[in-house]
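Here chain A shows up in two complexes: once beside chain B, once beside chain C.
Moving on, here comes the complex of A and B:
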């Protein structure tokens, strides 16, 4: 039987490794970039920059392959699918934002007229059209981020790689940029976002790739990864008036490992296999006619999961 | 227009070949340099010498036209503007000081800042290779060199030819045109490669100016001194600007003396050596990532 052809991933790492002399930057990474927004999380020196440089074709892997739409990442054919927004923002201070974006557009082979049109279009998208004629040196950090984003979008790439895109952006600007990222993802673009602000990843990323010392620790949605962490039971805090009775009821469930009464009316549960927990919890609450005022999963955030993964990675095998 | 209403359509036009990407890099580099008042001042200095020669040529023809009896006298007095290859070669050679100043200050802006501030990443993450970047920047430096040497020399050549009131000057002196272009090319390529390599390693303007001064002021002075001490003309080869001139003279077909002829091959070897070493030196710097040990 012949099925439909398997769609080619936009970007694929095949056993990719990168050494800098004796230092290993990325170690045997095999990974396909999923559609939507993917967060790239790791400590300093974990290999995030190496992964990004390999993906954007600025480095070649020492071993393995990095493919973008089937082309090797360092080729021109691959680079036209990628828009890169680096973390550096010290560019030509005397140049205007518009001239900067237009110059980089021309490097993609657009004629002068097309480059101008695309620049205007993309500056509109990042809400910089009004301010783009000022010199870059007079821009705030947030405006620089927008200009960097504009130059990454100017050739309409399929994949946008953003290195710390929200650094230095004020809260209002962050909301706007996150909305823009989401809008790009909704239009079928893939975004790979590296950030050390893990709180942002909770709301921003559909998938997360955790890396440590050049190796992939985990990849997938936060829920999926959290569910795989058997050694670290999920902590769930429940606020309910009859917490003691509810605890007694919930302790009967196999998935509940422990229950602690934090205060009168507040319960902290340790849950294994979360998927098997929430259904019976709802049933127990209904049976007890318990008025649950608040239910909070306190360690399913990117930060908590990252800490657990790091703890697991450091443990001797 | 809001983000949500912005159309995000696929572009269906024809993209230009990668090689043409060198030009926007060169152009933006030149624009950056010419935004600074300092460079306009230096270019004005370069223009002073040019205007002097330009006016001298004009004056010579005016005097000769109004009083033909004085033509021979004028030719003897204004030997520097005879319209031969030497006129243009000497003009280009004498533009050296101001050209060196322009390059010393431009190197940091054109190349050093890209290396120091990480601007290289913006270029290298696009669909161009690093050689496009290198060629683009070399083109920018080469154009700056040409702006103070080759271009004004060409203008003087055209002026001289037009003032003769016949095209025979151009027909008979095509070799001069080849000489100007050849000398200009040697100058542009050698200086561009050298400046790129130095700026890629030194990054900042001050160390770059100091290194440049060592190469083009200290070394020639040392060469003169050693020549006097050891009575050996080969020490003069330490002056790269002089070496370039000798190679350039070959393009004018004007190496007359045995002494100059004997120095031609060593000069050529030095110019080629500088180009090769500079190319080898810049290659490892034009990479996106450097490992900090």
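Moving on, here comes the complex of A and C:
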């Protein structure tokens, strides 16, 4: 009996480690890249660049394997599936943006005609179609970022690796590019985005990979990771006119660890098991006929979770 | 499957051909071309002054132009200016990342870059030789016809050597200049067999062999006993082997190195 072939995961790290002499860049990482947008978060020197370089075939793992669609990431076969937008601001400055993207399309093996068509298409996607004929040396930082993005998309890859793609892009441009990333993810592409602007990860990423000193601290959606942080109760701020009565009611719940009245009409709760909290909260609010004006989870952002993870990682075992 | 493999290979060849064209254009419109042009113009002016001074013989051209200026200075400098620029410039300017993350296999990238450097280096070295010979007049042209094959292969060997510098070192041009102007001169003029490590030694052996009809040989500073020339066939064989070996070495370094 023969079944359908099991599809290879798009990207898989199998106990991958990378040393630079005595310095460890990435330590025993086992991880599969999920579909959608994945944020890569870590301090400088945490191993983000090493991970990206291993994935894009610029480095080879010292131990373990990095596979892209079943091919070792170092090989040309793997690189067909990857579009890479590097963080370095380097180009063939004398070329126009269009010529640069077209040249890289040709390096993917496309004929002159196809390369021209694909170039026009991706320049349109990154909103550079009208401005792509000037020499790259005359571009603003934001325009250069867009050209880098265009060259990463030109061969329609399954996996797009973006290293600080929003650096130097103005706020309007950021919104446009984030919308583009989302539309790529919706079309079934996987995106791995490294960024030090953690606020953007909250809205951008479907899941986050947190790394520190070459090790994976956590991976998954923010909600999943937040729920695992037992030592750090979720902080929920509620603005309601009869906050004191509501606090008394909520303190009866097992999941509520503490309640503090920040001001008249504003309550700060510490919640231990968020999944068990929000249902009874709704019931309590209904029972009290309380007019909740605002409900805000204040430490479930990427930044807050990252801080908690770092705190946990530094704690002696 | 064979059809796929063939289509894949043809796609890669086409991509390499494109990279060769891009590399040729970028090298041609670079500061290396300006430096080479300045050097060749200066050499041409010097040759012109030398040629109009008195009636010259082919042996004068060999000894006073080829062995004094062309082989020890112009030939390696013209070769290294392009050969070290190809990959090393991409590396120094951080644009190599676009090439090594493309699906074009590294051997194809290396060979396309090396071919671009070789084409331009040969154009400059052979063109300069022809220019100097033309300026020197009839004796120069007679020598040109005899010596160009040897100098062609010396150019190939130099380009292959400097390609190794290009993939192995950052700031490859500085290392290559140090090698060409000091180490190669030092090794090439040492007594005994140590000089056989220098490409210029084989270039001179081939010049002596080809210029035998003009009564030129390792006399004076190139004393026969001191110089110990090799037969042309051996010198050619060593240049072919050195070129192939150095090209392979550069290829292996580029294909295995993490940039």
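Rule of thumb we're sticking to: the second predicted complex is superposed on the first by the 310 of 317 C-alpha atoms of A that agree within 3 Å, B and C clash if a C-alpha of one lies under 4 Å from a C-alpha of the other, contacts with A are read in each partner's own complex, and residues count from 1 in each chain.
As a working rule, contacts are C-beta pairs under 8 Å (C-beta built on N, C-alpha and C of every residue); 3 or more make two chains touch, one makes a residue touch a chain.
Keep in mind that this is a model prediction, so the values were computed, not measured.
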item	value
Clash-or-fit label for the pair chain B, chain C on chain A	clash
Touched partner set for A:239, first chain B, second chain C, both or neither	neither
First (chain B), second (chain C), both or neither touched by A:297	neither
Which superposed partner A:179 touches (first chain B, second chain C, both, neither)	first
Partner chain in contact with A:21 - chain B first, chain C second, else both or neither	first
Chain B versus chain C as contact partner of A:125, first or second or both or neither	first
Contacts of A:60 with chain B and chain C, given as first, second, both or neither	second
Greater residue coverage of chain A in the superposed arrangement, chain B or chain C	B
Touching partner for A:91 - first (chain B), second (chain C), both, neither	both
Set of chain A residues, in rising order, touched by both chain B and chain C	53, 56-59, 76, 79-80, 82, 84, 86, 88, 90-92, 94, 103-104, 106-109, 111, 151, 155
Chain A - residues contacting chain B, complex	20-21, 23, 49-50, 53, 56-59, 76, 79-80, 82, 84, 86, 88, 90-92, 94-95, 99, 103-104, 106-111, 114, 118, 121, 124-125, 127, 151, 155-156, 176, 179-180, 183-184, 187
Touch list for chain B against partner chain A, complex	1, 3-4, 6, 8-11, 13, 15-18, 20-21, 24-25, 27-28, 31-32, 35-36, 113, 117-119, 121-129, 132, 287-289, 291
Residues of chain A touching chain C in the complex	53, 56-60, 76-77, 79-80, 82, 84, 86, 88, 90-92, 94, 103-104, 106-109, 111, 151, 155
Residue ranges of chain C touching chain A (in the complex, touch as defined)	8, 11-12, 14-15, 18-19, 22, 26, 29, 93-95, 97-106, 258-259
